[in-house]
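Heads up: the structure comes next, in structure tokens.
Letters A, B and C name the chains as they come in the text, with residue numbers starting at 1 for each one.
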């Protein structure tokens, strides 16, 4: 039996991050200036193609910039294609929204790119501030610090660093929040108040299991006596 | 023969004339399927590393042109262009062309003569092979290394050392056969009579197979085999070596 | 009884310290959360906690028979429901 190879089952969570996030552009020159020249993200791939399928589209270029970690941001530039929608309305090259759309909603969809520390965050801040696209906002969130700007296509780009690693209790809190959210979102008039009330119930319900798990986790560790 | 013809796209070096001659000749003999041929050319006159690099840069344009023609299958017909760019390069090249096509909604299948040669050798169950190439020795050595990296042993090989690609298209069959006869074929499973789609060899394949008594393939017969397999047609073309008789109902013994 | 929960993370330390220093608030632990209890309203002064904007507005993890009646740049007030 000991000769048999141990078969390690594959993990349940198998995806490996972002291969690429793709967006249309009507300003390829500005896009290349922003990503390649200002942020200095290397161009790593490009494809020239045409619309051959039933959904005929113009000749186009699909080009990619490295955003680290072997992940990429990619753009489509379609020759001769004009932007859709009212170009004075809020939005970006992918879509224009109604004129009265508030800014928080327009900016809610965005790409956030990770850096390791404050030095690197400030380096990107400097690159952007020296360009046509200065940083619009620098924000310290609960556990991350971020800078934001809009690229030449109107897409909001965030560059962010973690202030500290995420702790196990935050994972538990996130799980409880989402369970509470599902419970109240399917009920009448979901509100923050209802969410926090439901969360309190789940916090009490799950506290014992958490404490037992913590004991279990700590048990095999040698006890340090000062 | 009332079926819609299968459109075959050929991406060829500009100085190549042989693949557009041999491929239609072979596939015209395939029972039950009609083929039409459409080619796009990449500028290349001398088979040198510099010109091969310049030629590969034209690949995207060729794919676009053949994509516009709505071909069903596309063959990147320059074996050395792929094999000299690095071991296993046909996979990347085929993937790159396939990505370009599928991104634009084309369902064309993608093949390369480099990949087809490997598939042909695998289909014959080859392990130990011998090879005739028209290339200069350094390029020929790269082709040999490439094939060995795909898991075959190249027992013996000849390089005819013709650099000018137009001249490669005029190499007489007798010279190719003479090179083949000079090979040590002891223990060899399969002879590749021409590892190049430009060196004329179609008429030599059956002759060589009869003379040497082992299966003989060329870059062209391997390409035809892969095209037939890819479109799901039966492989039953007599007189061009046993690879193209893979699906023949009665195999001549 | 007014009751709320705050997750134990470094950012919330100031919040919990201010609560613990207030004689009318009892602080104990439930799992990885601090439980703040009081017979009457629980009031926390934001400046005393030193909490940044984003931290301040996400400090409360749960409410037990209680309701937030004030949460602004000055203070958090939680009352019995």
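Here is the rule we go by: a contact is a pair of C-beta atoms (placed from the backbone, for glycine too) under 8 Å apart; a residue touches a chain by one contact, two chains touch by 3 or more.
Keep in mind it's a predicted model, so treat the numbers as computed, not measured.
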item: Middle chain, criterion being Cα centroid separation; value: A
item: Most widely separated chain from chain C, with each centre as the mean of CA atoms; value: B
item: Geometric centre distance via CA averages, chain C-chain B, whole Å; value: 75
item: Cα-centroid distance, chain A relative to chain B, in whole angstrom; value: 46
item: Averaged-CA centre spacing for the pair chain C and chain A, given as whole angstrom; value: 30
item: Residue ranges of chain A touching chain B (in the complex, touch as defined); value: 47-55, 57, 59-60, 62
item: Sites on chain B touched by chain A in the complex; value: 60-61, 63-64, 67-68, 70, 96, 99-101, 103-108
item: Chain C residues touching chain A - in the complex, by the definition given at the top; value: 3-5, 7-11, 30-33, 52, 54-55, 58, 60-64, 67-68
item: Of chain A, residues touching chain C in the complex; value: 139-143, 164, 167-170, 172-173, 176, 193, 196-197, 199-204, 206-208, 210-211
